[in-house]
Amino acid sequence: MIIIEGRITLFVLFIIYTLVMIAYVNLGRQGKTVNLRKIPAIDAIDEAVSRAVELGRPVHWTEGHPRASKLYDARGVYLVASLSFLSLIARLTAEKGARLLSSVGHPELYPIVKEVVRTSYNVAGHPEDYVDEDIQLMPEYSYLAAVLGRITREKPAAHIQIGYFWGQDSVAVPEVAQGEGCFSINGGQVGALQYLVVLSDYVLIADELFAASAQISRDPVLIMDMAGLDVNKAIMIVLIIAGVILSTLGISSLANLINM
Amino acid sequence: MSRQTTKVFLPVLLVAFAGGVILAEYFFAPQILSTLGSELKKLGVLIFSMSMIVGLVGISINSYKKISRRAPGEWYLHVWLLALLYVWVIVGLIYTPTHDFYQWLFANFITALYQAMLALPAMSLFVAIYRSYKVKFELNTILLTASFLLVLFAGAPLGEAIWTGFTPIRSWIINVPTASAERGLIITMALGVIGLSLRTIFGIERTWLGILRVPTATEEEGEGE
Amino acid sequence: MSSLLEGVKKDRFYVSWILVIIMFLSYLVPLGIPVTIRDPTREVYQFLNTLPADSKPLLLSLDFTAGGSPEIRPSMMAVVKHAISRGLKFVVIGIGTDESTALMQSLFDDSGVEDTYEYGVDYVGIGYIPGGEITVAALAQDFSSVVETDAYGNKVSDLALTKDIKDWKDFSAVIPFDSAGVHMFWVRNWTPYDIPYYGSFTAGSEPRYVAFYNSGDIDGYMAGLRGGAEYEILTGFLSTGVKSMDMQSLTHLYAFVVLVAGNVVLYVFKKEGK
């Protein structure tokens, strides 16, 4: 059999998912668009940078412990999502004249972050404000200590941590940032949410993290991709509800179909 | 070769190829896919290992700059950082992790310091509990306090010793509402992850290239008119 | 009331120091609060206690960091000592962190395995294998192509215990010890196979994995320090796990007191219009 046994239904669902996505992306290429729900945390980034300019203190960004995730594994998408936010933050700091401190945990992300920030400053028309030293790589074992030290020394006005975090990073870092009077915008994986929700002024929950690039760029293609994602979620919801009802009635046909 | 080709087209093509092969390997049985997939995965690990060297060079350059201009309040920390960094590189190269000297260094430096650093979130957690777990409405206060009591405290031996009824309540809270909420979030995030991954493979998402077309302030003002 | 308000300004100081005092006192003056054994831990014990000595080796994965060591190490040490006492063979690897090799060596040094077992015949230490989930998936399907040498440079094809290991079928069970958050890699890639699966992970991760336990994918687990203490009690190899239970109980009680106190102080502030 060409398709591996036990993954046939998964493959079919994947094809449906991809076709829906392609259909909506094509609609986006034709210029069609929909209204995306406003994500308060993204709008708050502007407020955070403005606050930094008023107080004369920097904005601090970090993406997570280098050992909690790697760019090449399943958690790498959180890092990619974090880069979307960094583009926006860098553009805003360049335009408004705030200083941006980037604490990079992942060595594989370090050149990418430099490129993202440099490009954002160029696009904003302030290439001369780009400071290479403000982008620091935090060595692996000392990530937590290094980030806490940087926050305590530099006393940023705004602290933005978006990515994939270990327990200690999602507790200690926002708490220390809060203690230093930072305006916090945080977002992370499910396991970190319970701490981030309590310790942040704004938090990105679940899918809001991945919708950032569409929300920020307002590119019709990305926006329609989000719409396609919502259609796929609706399909999943229907399957889940059907599965729950059928299982409760003792009918296992859907479960057997999913396991094919 | 134009800049557009080297900076955009080639990387996107590489990602599409690698992502496509890994996806195909997951679903299809032919051995060639499995072999290709394995080799790509090994390459991924190699690239990560190389990135550690990039990181090492990056830290060294950054620290050197701060040391050479005597950055106030931190230049000596960078001297310490570089010293430790290179001591460990040399020790790791000369002695393997199974050597007694490495073990001694590991137990007395890494383990001790790491555990000290992890004690910090414990303190932070308690301060956060005191300062941050403040709710405005009485119902929320009761719910928060009850869940704290029934899950956290009941999980400790003292809780069970005080009242055995805590255990089944705790089990129910963990198995039913917590697990349900967590599953809902996991499914949602998984779908988001798939979406972002497919966008990256198809070249629609290019943030990782440093390309995110963020509307400039002028364009935003224009939209408002 | 003004003294209370003054004190609250230094709340961080008091909260932290009271915590430190409670932790020290609970360690120095054990209360001996009884620890009940929960079913998931008992499942692990039952399995290892009934596994014949001539079974295929166990696959133990050390996926915790030096920082997670206080929480996970008690269960790891208890399991390994139990395995040694029953004459069970095992292979030790590490996926989650590059500290695995050093942790593995300290495990061998502290468990006394070198006094009773012969290396290469009864136990083998592979150490850290990079690659994350990719490696975990590959280990299940083709162990011998992923693992070529052990941590000491010996070829696994030359060692009696590992020379015939091809894939998941050549292990009697897999037991990852995780604090680095890679347990899901094992769950996703090994539970589809018909191999007994037991795990040890941090207490905070328990809600995530209890669903897999309820569905039968995970056959048993030890959650956090409490799980390690339970296993120590079951096996009789009492160590830091059991000693830490009093501290855990009292700090949890203190956390509850702090929560209530925080809200009381807020209420007082509100009443005073501050």
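All chains are identified by letter, namely A, B and C, in their written order; residue positions are counted from 1 within each chain.
By definition in this document, a residue touches a chain if its C-beta (ideal position, glycine included) is under 8 Å from a C-beta of that chain, and two chains touch if they have at least 3 such contacts.
Everything numeric here is computed off the predicted structure, so don't read it as measured data.
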Contact distance in steps, from subunit B to subunit C: 1
Centre-most chain [mean C-alpha coordinates]: B
Reference subunit B; chain at largest CA-centroid distance: C
Leading chain pair when contacts are tallied as C-beta pairs: A-B
Length of the line joining the C-alpha centres of subunit B and subunit C, rounded to whole Å: 20
Gap in Å, rounded to a whole number, between the CA centres of subunit B and subunit A: 12
Centre-of-Cα separation between subunit C and subunit A, whole angstrom: 30
Multi-chain contact sites of subunit A, meaning residues that touch two or more partners: 70, 72, 74, 167-168, 179
Set of subunit B residues in contact with two or more other chains: 44-45, 48, 110, 114, 117-118, 125, 127, 131, 133, 182, 186
Multi-partner residues of subunit C (at least 2 other chains): 12, 65, 67, 134, 208
Touching residues (chain side subunit B, partner subunit A) in the complex: 26-30, 44-45, 47-48, 51-52, 54-56, 58-59, 62, 65-66, 73-74, 81, 85, 110, 113-114, 117-118, 120-121, 124-125, 127-128, 131-133, 182, 185-189, 191-200, 202, 204-205, 207-217
Subunit B contact footprint on subunit A (complex, rising order): 1-4, 7, 10-11, 14, 17-18, 21, 25, 70-72, 74, 77, 80-81, 83-84, 87-88, 91, 95, 106-108, 110-112, 115-116, 118-120, 123-125, 133, 136-137, 139, 141-142, 144-145, 148, 153, 167-168, 171-172, 175-176, 178-179, 189-190, 193, 195, 198-199, 206-207, 209-211, 213, 216-219, 221-222, 225-226, 228-229, 232-233, 236, 240
Touch list for subunit C against partner subunit B, complex: 11-12, 15-16, 19, 33-36, 65-70, 99, 101-102, 105-106, 109, 125, 127-128, 130-131, 134-135, 138, 145, 151-152, 203, 206-208, 210-211, 214, 226, 245-246, 248-250, 252-256, 258-263, 266
Sites on subunit C touched by subunit A in the complex: 12, 65, 67, 97, 132-134, 180-181, 192, 202, 204-205, 208
Residues of subunit B that touch subunit C when the two form their complex: 38, 41-42, 44-45, 48-49, 96-98, 102-103, 106-107, 110-111, 114-115, 117-118, 122-123, 125-127, 129-131, 133-135, 141, 144-145, 148-149, 152-153, 155-161, 167, 174-175, 178-179, 182-183, 186
